[in-house]
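Once you've had a glance at the structure underneath, I'll fire off some questions.
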Amino acid sequence: MDNVTTVGHAHAHADHEHELPFWQRYVFSQDHKVIGIQYAITALLFLLLGFTLMMIMRWQLAYPSQPIPFIGGLFGDANAPGGIMLPEFYNQLGAMHGTIMVFLGVVPLAVGGFGNFVVPLQIGAPDMAFPRLNMASYWVYFVGGVVMLASFFAPGGAANSGWTSYVPLAVIATQGQTWWLIGMTCLITSSLLGAINFIVTMVQLRAPGLTWMRLPFFVWTQLVTAFLLLLAFPPLEAAAFLQLMDRLVGTSFFLPSGLVVSGQALEVSGGGSALLWQHLFWFLAHPEVYVLILPAMGIVAEIIANNTRKPLWGYRPMVYSVIFLGFMSFIVWAHHMFLTGMGTYISAFFQTTTMIISIPSVIILSALFISLYGGSIRFTTPMLFALGFLPMFGIGGLTGLPLAFAASDIHLHDTLYVIGHFHYVVAPGTIFALFAGIYYWFPKATGRKMNELLGKIHFWGSFIFMNGVFWPMLIQGLAGMNRRMYDGGIQYQHVQDVLQWNSVMSWSAWGLGLFQIFFIINFFRSIRNGEKTNNNPWEATTLEWQAPSPPPHGNFLSPPEVHRGPYEYSVPGAATDFTPQGQRS
Amino acid sequence: MEIPYTVDTRADTGLNNVKLGIWLFLASEVMLFGGLFSSYVLLRVGAEAGTWPQGAEILSIPLATFNTIVLIGSSVTMVMAWASLKLRDLFKYRLYMGTTVALALVFLIVKAFEYADKFSHHLYPSESTFLGIYFLITGLHGLHIVGGIIVNSYFLLPGVKMWHTAPERFTNRVEAAGLYWHFVDLVWIFLFPVLYLL
Amino acid sequence: MGELLGLPVQASAHAVEVDQLIVVVHWIMAILFVGWGAFFLYTLFRFRQSRNAKGDYVGVKSHTSSYLEIAVAVVEAVLLIGFAIPAWATRVNEFPSEGESTVVRVVAKQFEWHIQYPGPDGMFGRTTLDLITPTNAIGLDRSDPMAVDDLVTINQLNLPVDKPALVHLSTQDVIHSFGISSMRVKQDAIPGQEIPVWFIPTQTGDFEINCSQLCGLGHYRMRGFVTIQTEGEFRDWFQEEMAFQGAN
């Protein structure tokens, strides 16, 4: 096929696309870019919702049992009589914050949004391998989200047993838990469909010349992520079925004999195991945390290479590290369960695997740091967020170490130190990377750039306040303050000295919320009024920048071919400081 | 816009999209049933001595043996259906595919009788953890059978139109459906001894 | 560093050991953080576009980072084998004998801690489900000869100082976690299991049990008290409580 006919083809299709009715173009679209954007917008809205829940909770933590100002009346007497939050409601907000952030916010944005939009473009494919399946996975996700939202209106409100839904508590919990399980089943199914589609796309649809070691690092992270989703999610689905049976049919998979609840013997056959749930849950949920971080690392790597104008340092070791991380993440799950009564041998095994898995993370982070050396660094908004990611992920990762030793975990388990640890990884870590990705790929999706000034204000505000929320958690955790404390722990003598941090953290959280307004305005304003750009505003090398902005249905005007590695910046003797992958030498 | 390798195999991976897709799907299914089998093992090992019944005390081995034969038979006819397409014999394809669907229905009917019999003896999932896991795993397996029946019926009746426009693609699809069907069969072959015999 | 980290008082014998590990790990974290942080800030300053107009295609050539990574791995291995695993092993393997320790049963329920002392005979009285009433929350069978001298308290754990305490931990309903921050003790109470926990209190005074696992609405207020007394005080307390309980 020569170029001329392909161009003709693409045009024919572009015209054809205009004939599709609105709902097929934008609602039930099978185009990976539209689906990616649907995913991204939905997920951003969920992130905002999850954050809002937390901003409400933080009132109760800072000012226990004082009426919530302004909006306190909205929650009804069942949740907040007189505007004062009840513990029931606090627990709902906590469980749903965790669930929404992880399963409805970050994963759909990182995988469904960026994966869908960017991966086919970066590998030079016309679309995903199974476009209809792709559409289905979005809509199943959407239904899962609706079920989760609806659960707030169930009798007794939403799920309230933590995002971990530990049994037996979750089995005897109010109806919201059933909705949670059904919602999770939808989300799992959606992720499975998506994962199959991603892997097939990346294996089969790479453009000619795009060998494995020429793949952008982002694609590698998505590939490993897809495998994690594919293999780790089904056991949680099995677990969800078991818990549903316990709740609805009266089985006792998770209920041992002889339970007494509120002074009444529980009328069940018994003989179950409470720890079985934890094993099944963490078998998913540990790989899941790498699902949260790997795409983020991929985004950061792309942006760093682009904004340092030099190749990534240590591309190969990074790729091997990601693959190794993927493998290892399946055998560390019980480090969340050290204090459930674990013997020396089993705990030694899981401590060792956890130490081993920290090494590839160290390698990747070091490689990213070293990549900066010798660069010509441009502090664009995406780069600021990517740079912000590095030390923040560093703090999050480092604080994982004292948790990973069973002996020190005795003191730190279930304290705010754990909360601080993982928020450093997921919030100023992953969320920053996702922001970076939005600023970076926005011109590809819309043909316009987001405003740099608003972006920088957004960055600095977020950077300062994120630390304002999460650093004190580490301090409180070391002092022994527990997590999931409805009253912020005020009753306990041993944490009196660190209580004053509660209000600092809350005000930081609200400040953080304030600075998101700059982002939201910037985002919506730039869709129509942003500065117009050409196809490759960042002068980048990877294939997506070779397509028009926004790319038409089918993506490329002529089928791309790849002639070199992904990050050929500042090649000695080259005419420009970037040599695109698709450029013939 | 054409998506490449929907029909032909890609030279460097040796696969077409559908085939890779179905293998990945089966990998996730292995993890799903693997999770349930592991739960079974953990629950059984953790059960108090003497509380876990022998499958045969409660379940009917003859019915299950019959069902095992039925399901293996349907796997054979499924292969034959695919082979007939390869030999470009649509009539035989219809015959074998029809038999596959029919055998699957037989399996479900027998299973329904088994369930009804349990219920009539007040053997509900809530009765014991053994019964709970029995109903859950066989129920989930039954749902997989239902799914297989739907897919296979589709390829038997409306879907067969594709044979006239894109025979190779159609054959690939039937092959994928076949792989799925063998998997469902295989799960049963694990289930049978684990639940009924051990 | 321990001061800097703001760890609570060390009121048990093994607290020192746990803290030592926490402190050493934080030293390593600090070194990595400061080292890489300095490198990071230097590169941002030195290689900004206005100072370095053209990127260097090759970048860093030295292998220092590989050595660094190996060093991190070695340090982790040392911590694991030298500190973490042995410290854990003493917690979960090397229990003191019943004879030399104060033995108690702790039964968690929503949202209280019930503590049963075996009394002078050293034997716990039988408890059964059927006998559970609001006033007998653990279902102690007072007709059992071994139960006669048993003492049951709610949310109050008294222990003599400098003598190993051996706690048999269980729960009636959901998972709770038996945490005494000041003693670096924490153990989940798992339904259907009785899990032993041990520690040696080394300071007299009042401390707190904090339930560390989300267990429902009252999780935040599932607080108990630990009073560590001298051997004599403890004996007096026990007599007094027995007399009080007998009078009821």
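As written, the chains take the letters A, B and C, and residue 1 is the first residue of each chain.
Simple rule for what comes next: a residue touches a chain if its C-beta (ideal position, glycine included) is under 8 Å from a C-beta of that chain, and two chains touch if they have at least 3 such contacts.
Predicted model only: the values in this text are computed from it and were never measured.
*Asks:* Between A-B and A-C, name the chain pair that shares the greater number of C-beta pairs in contact.
*Replies:* A-C
*Asks:* Find the most central chain, measuring centrality by the gap between its CA centroid and the centroid of all protein CA atoms shown.
*Replies:* A
*Asks:* Between subunit B and subunit C, what is the separation of their C-alpha centroids in Å?
*Replies:* The mean C-alpha positions of subunit B and subunit C differ by 49 Å.
*Asks:* Counting only Cα atoms for the centres, state how far subunit A is from subunit B in Å.
*Replies:* 34
*Asks:* Please report how many Å separate the Cα centroid of subunit A from that of subunit C, as a whole number.
*Replies:* Averaging C-alpha atoms per chain gives centres 32 Å apart.
*Asks:* Two or more other chains touching the same residue: where does that happen in subunit A?
*Replies:* Residues 257, 272-273.
*Asks:* Quick check: in the complex, which residue numbers of subunit A touch subunit C?
*Replies:* It is residues 87-88, 91, 161-162, 166-169, 172, 255-263, 265, 272-275, 308-311, 313-314, 339-344, 347-348, 351-352, 355, 358-359, 362-363, 365-367, 369-379, 387, 390-391, 394-395, 398-399, 401-402, 405-408, 410-415, 475, 478-480, 482, 484-487, 489, 491-494, 497-498, 569-572, 577 of subunit A that touch subunit C.
*Asks:* Residues of subunit C touching subunit A in their complex?
*Replies:* Residue list for subunit C touching subunit A: 5-9, 17-19, 21-22, 25-26, 28-29, 32-33, 36-37, 39-40, 43-44, 47-49, 52-60, 65, 68-69, 72-73, 76-77, 79-80, 83-85, 87-89, 91-93, 109-110, 129, 132-134, 137, 139, 172-175, 177, 179, 181-182, 184-188, 190-193, 195, 206-208, 210-221, 223.
*Asks:* Taking the touch rule as given, give the residues of subunit B at its contact with subunit A in the complex, in rising order.
*Replies:* 1-6, 10, 13, 15-17, 20-21, 24-25, 27-29, 31-36, 38-39, 42-43, 46-48, 51, 124-129, 132-133, 135-136, 140
*Asks:* Where on subunit A does subunit B make contact in their complex?
*Replies:* 9-10, 13, 125-127, 129-131, 192, 195-197, 199-200, 203-205, 230-239, 241-242, 245, 249-253, 257, 268-273, 276, 279-280, 283, 553-554
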